[in-house]
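Heads up, the next two complexes both have subunit A, just with different partners, subunit B and then subunit C.
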Partner chain A sequence: MAIITISRGSFSMGRLVAEKVAERLGYDIISREILLEASRHFNIPEIKLEKAIHDAPGILERYRHTKQAYIAYIRSALVERVVNDNVVYHGLAGHLLLKGIGHVLKVRINADFEKRVAYVMNRDGLSEDEARARLVEDDNQRRKWTYELYGHDPWDSAMYDLTIRIDRLSIEEAVGFICKAAQSSGFTASERSKQNLKDLALACHVKAELVADFPNIGVTCEYGNVIVYCKAGDRGGAKLGRRLDELKRKLAGIYSVEMHSGVPAPPDAV
Partner chain B sequence: MSIIIISSDSRNVEEEMAKRVADAKGFDIVDCRVLEDVAKDCNVDPGILEKALENTPSILKKMPQARWRYYLSCIEAEVLERLRRDNVVCWGVAAHLYVIGVSHAMKVRLISGSARRAASIAELQGTSMNIARKWVDDEEKRRKKWSLSAYGIDETSPSIYDLVINLDQIDPDEAVGTIIEAVGYRKFRPVTYSVKCLSDLAIAARVRAELLRSMKDIRVQARDGTVIVFVKGSGREKVKKSRAIKEIAGKIDGVSFVEVHVKRNITDAEGMESPDRSRYPGWPVIGKTSHDVDKAAN
Partner chain C sequence: MESLTMEMVLVMSMIGLAIFLFIVEWVRVDVVAIIMMVTLPLLHLVSPKEAFIGLSSNAVVSIIAVIIIGAGLDRTGIINKLVAPVLRIAGNSASRIIVAISVTVAIISSFMQNIGAAALFLPAIQRIGEKQKIPLSRLLMPIGFSAILGGTVTLVGSSPLILLNDLLAPFGLEPFGLFDVTPIGLALVASGIGCFILLGKFILPGGDVNPEGEDNAEDDVGGKEKSALEEDEYYELSTPDDFTHYRDPLFVEDLRRRYLVTVLAITEPPDFKVVSPPPDMEVRSGIDLVVCGRKKDVVRMVENEGMILKDRLEKYSDTINPVKSGRVEAVVAPRSWLVGKTLKDVNLEGRFNVTPVSLYRHEESYRARLDDITLQVGDVITIHGAWKNLKNLQKEGGLLFGLPSDVDYMRPGKAAWAGAWLVVALVMIMGFKIQLSVSLMTGALGMILTGVLTIDEAYQSVDWRTIFLLGGLIPLGIATEKTGTAAWIAHTVLGLMGDVSPIVLLTVIGVLSTLFTLVISNVGATVLLVPLVVNMAMAAHTDPRMAALVVGLATSNSFMLPTHQVNALYMGPGHYRTIDFIKAGALISIVFIVVMIAMIRLVYGV
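Moving on to the complex of A and B:
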């Protein structure tokens, strides 16, 4: 009973591995559907969400906070979807979007760069230089995105539980590793970690509802008690208070809502 | 019949896990105990070799670069020789940085997590978490700098390992089970070609170690007993150096032919690395020059 996120560079066979892991464990598999769900729920064109999760924020976006808003929508849709466990997610940034949940097995699949180049050349009929340039650009965007939004390097193996170099193993062997790790005691969903996930889902939902108007807020939730952190002297304080009251009535599972103005948000706040 | 090379951000974890894997598989261990034999060969104190494995060269620490490279090359030669015996678990001698292109050598990195390490250091030494955290960060930077200077490879990069296991949530017993299972996979079994690659690496390392006794900036490639040596030199010393190298290298077991390339400048972009790699594709290269140290430091 675990949630597995599989992160990988482009053309690293991560999708195939994810499909086989899901098949072997009888888990659901999700990836791009999350964008569709977020698009439908928050009424944002899917293309914008896709761009938000793929490209690093530009200079203007850093001020407009649009990217943060889109990522809040995607995160909310993802957490909502995995809350019932037994899921393999192989979309982008799963290890970051589900950070802090005990029973999430975070896997990274790496492949030899030269083999990736050969694969792209073969698949898309590109020259070696074109294939190389495409992969370098893709990897740079990934690295920049993760740095800008989360301050991490996606290639940093400390962020994952298991990092596998796929070109020295067969797909089946890599799948075997992942399944074995997912079934180990460290990734069994405990009551506590299930509750953490429910709380995360609620916090993400509240953040997604508010982020368009209040991009700088931080939200935490513990056993349904939601705390919203905002800047001191924020002129929108009264408006935020009203929105929180509305949300308390609208969203199931919220017991109480508090607004902490001028208090820095804790590191685990969404 | 395989080689397991274990590396970790924590020496204690590295040692403990290597022992557990070796016990479970009935393999021998190659670790820093080899330094005693190397020290006898080099006629130095084993402590100096330990320092060479820990620190980058420094005049203040009485470890000039030429000596540092020589000591490392001696360690490398001895470790590669021992790895040829197979069924070995190796740790603590930086083998993950110079055993390259040997398909039956499985490289595993175990991450114990900087937070956990800081907590254990704070507890052991009775210091604050902030001090312990800073110590761990400095230690990580130092190791990274060392690996880049010595072999031009960042040892924290996951791309050099077959498997990286984070012990934060994965139980050490399960990690041991995973390593044992993985080493049984077909791709980590020795085949004629991979055994030959390791032999070639070992011969190249032995030749380089012998040459670095009296010279510097040496690179060596070896295949089937043929050894190609690249060395910096110009003018009149070309012939003299070439003759000396042939004499020293020719005496080493397993060397049947020696080819020497003496170049005026082996450090520029048109220097030895890329053209020679293309001239002898697939030949293992042993040795970094002083230029590589500067490049890595920058």
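Moving on to the complex of A and C:
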């Protein structure tokens, strides 16, 4: 019983590895449909969400916080889907979006750059230079994205439980390693980690409901006790209070809501 | 009229900058003042000597002395001595209690800083409220407003009035005497208290100030959130013998975060009772614990964690006993050492063996993750502990709360000395016409020499923010006057207004000062407005001293928003909302201006 996130560079065979892992373990596999779900739920065109999760935030977006809002929607949809365990998620930032959950196995798949170039040339009929430029651009965008939003480099192996380079190791071997790791005791869902995931789902939901109007809030949840962190003297304080009252009535699982204004959001806040 | 010069434009820009910074609060008000103090000589708008002359002004020295005298009075417990006879006179009637305490606070406040008087009385008011079953929301606002109004009774009652004579000096105008403002101040205090007594039920949250004293504490809540003190109960629980089997370790802090319940005491196996346990203490199998919280939260915890809820306190009936321990609502005092720290930094459990239960601030009650909250002045922390531990916490200072047993730990023996030195200072001012600063400093020195407070305590009591706020803004006043900016603005404004009668002019000045004091500090408003209104009054052939006096008084007219220090302090414990201040404050502000103008006309015949 585990959740596996597979982060990958483009054309690194990550999708294939993910599909085979899911097949071997009998887990569900999710990726793009998260965007679909989020776009349905929050009425945002899928293309915008796709862009949000792919491109690094521009200067204007950093000011308008649209990207943070879209990420909050995607995160909420993702956490909602994985809450029942036995899921393989392959896509950008799964390891960051599910941060703090004990039974999430965070995997990074890399591939030899030259092989990636050859694959792109072959698949899309590009010249070597074009394929190389495209991959470099792609990698840079992803690096920038993760850095801008989370302050991490996706190539930093310290952020993963397992980093596999598909080169001398075959896809089958990589799948074998991942399945073995997922079945080890360290990634068994405990009562506490399940509760943490439930709480994370609720915090993400609350954040997604509020982020459009209050982009700078942080939300934590512990056993249904939701705390919303906002700036001191926020002019929207009263409005936020009313929205929280509404949410408390609307969302199942919320036991209490507190608004901590002027208190910096803790690192575990979403 | 003089034409607009480059210097005037620069001064007006600096005034604009100061007002802007006062409003947006990017830096603290005293820092704004220091910015002015440094920038004005750099721009050659004042000489270097003038830039720092504020620090040695009569006003600043007087304020230092007033603060030391106030601290001396505070330390001798003279206030507690005053409260008892006042209450005897007042009896049980809520309105008589309000009148009696308000008058006392106003008198005290007329000789010390308003915020000092307000803070000094808060624990006494809490005790009275509890004893007489009068909700604090009915008591605190009238008393807080009286503390502010009391500042208008003498010339040393508030910073603007202390400052007034210094601001009049450059114009060669006759300075005001200590009690010149007293008739006006007394009328203002009387009208303020009168408003609350007559119209209390319309303007006070929670309704009427019951004239018959048949108050009922329960009817006040009126839909507002109940405080932890009213809602929480004590429960004793035990854990089964297999409690820690097959589960992650559970800590005291976890129970608060997950169930909003505070552990007050817990057994460390085999049977060691730990009172006010540290947050990282583990809840073990087969032990007893006492928690404080709402019933529904405790029941939820018991169900989820498989604990056993006892019918009543058993093992801990001796420890958690009203005779030995209890809860208080402690208010973070102005200039408290706790301000800016989190409860985690303060570590009340470890240092004082008491436990914070909840925190109340700006209409919000906090129970979860209390430790991360950075404390502010006026925050109300509900704390449980043994009375003797709470007394130790009280001695430490920084938190204002009353305890059931009023043991004077202070220096009651020195009360006579403190009173005597205050009288000496007053006699010097009134009898011998010695300058305010010299007389007050003599009183302060006397208190130090006779051991009412030590010189170090005196230094510590001085609020450097106030000193630099005054000292830093005085050069701005000098620049406004020296460069002719004040005269230019005054003539321009008068040109726009046309001919007006003195009363209308003074009323306009009063309204203007009131508006200024709501957005920028009262000292800032006084320094900026006095040179201006003196020039206006001279040009309009009105008594310029009266115009200055209106500014000095009306800058205390700060009731409509909880921005005044006193209002900010009382907002938390009174569970007031901003709208409560707007409602009551609007009425008091209008009455203030009407009474002030009427009294100036009556007393000075303007």
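By our rule, the second predicted complex is superposed on the first by the 270 of 270 C-alpha atoms of A that agree within 3 Å, B and C clash if a C-alpha of one lies under 4 Å from a C-alpha of the other, contacts with A are read in each partner's own complex, and residues count from 1 in each chain.
One rule holds for everything that comes next: contacts are C-beta pairs under 8 Å (C-beta built on N, C-alpha and C of every residue); 3 or more make two chains touch, one makes a residue touch a chain.
Just so we're clear, the structure is a prediction, and the values are computed from it rather than from any experiment.
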{"item": "Fit or clash between subunit C and subunit B when superposed on subunit A", "value": "fit"}
{"item": "Touched partner set for A:Arg168, first subunit B, second subunit C, both or neither", "value": "first"}
{"item": "Which of subunit B and subunit C A:Lys180 touches, first, second, both or neither", "value": "first"}
{"item": "Which of subunit B and subunit C A:Ser31 touches, first, second, both or neither", "value": "neither"}
{"item": "Touched partner set for A:Tyr160, first subunit B, second subunit C, both or neither", "value": "first"}
{"item": "Contacts of A:Ser10 with subunit B and subunit C, given as first, second, both or neither", "value": "neither"}
{"item": "More subunit A residues in contact [subunit B versus subunit C]", "value": "B"}
{"item": "Inter-centroid angle subunit B-subunit A-subunit C after superposition on A [Cα, multiple of 10°]", "value": "110"}
{"item": "Partner chain(s) touched by A:Asn110 [first = subunit B, second = subunit C, both, neither]", "value": "first"}
{"item": "Minimum C-alpha separation between subunit B and subunit C after superposing on chain A, in Å", "value": "16"}
{"item": "Contact residues of subunit A, present in both the subunit B and the subunit C interface", "value": "none"}
{"item": "In the complex with subunit B, residue positions of subunit A that touch it", "value": "102, 108, 110, 112, 155-158, 160-165, 168-170, 173, 176-177, 180-181, 184-187"}
{"item": "Interfacial residue positions of subunit B with respect to subunit A in the complex", "value": "103, 109, 111, 113-114, 156-159, 161-166, 168-171, 174, 177-178, 181-182, 185-188"}
{"item": "Subunit A partner contacts - residues on subunit C that touch it in the complex", "value": "247-248, 257-260, 300, 304, 362, 364-369, 372-374, 376"}
{"item": "Contacting residues of subunit A [partner subunit C, same complex]", "value": "190-192, 220, 222-223, 225, 227, 255-256, 258-264, 266"}
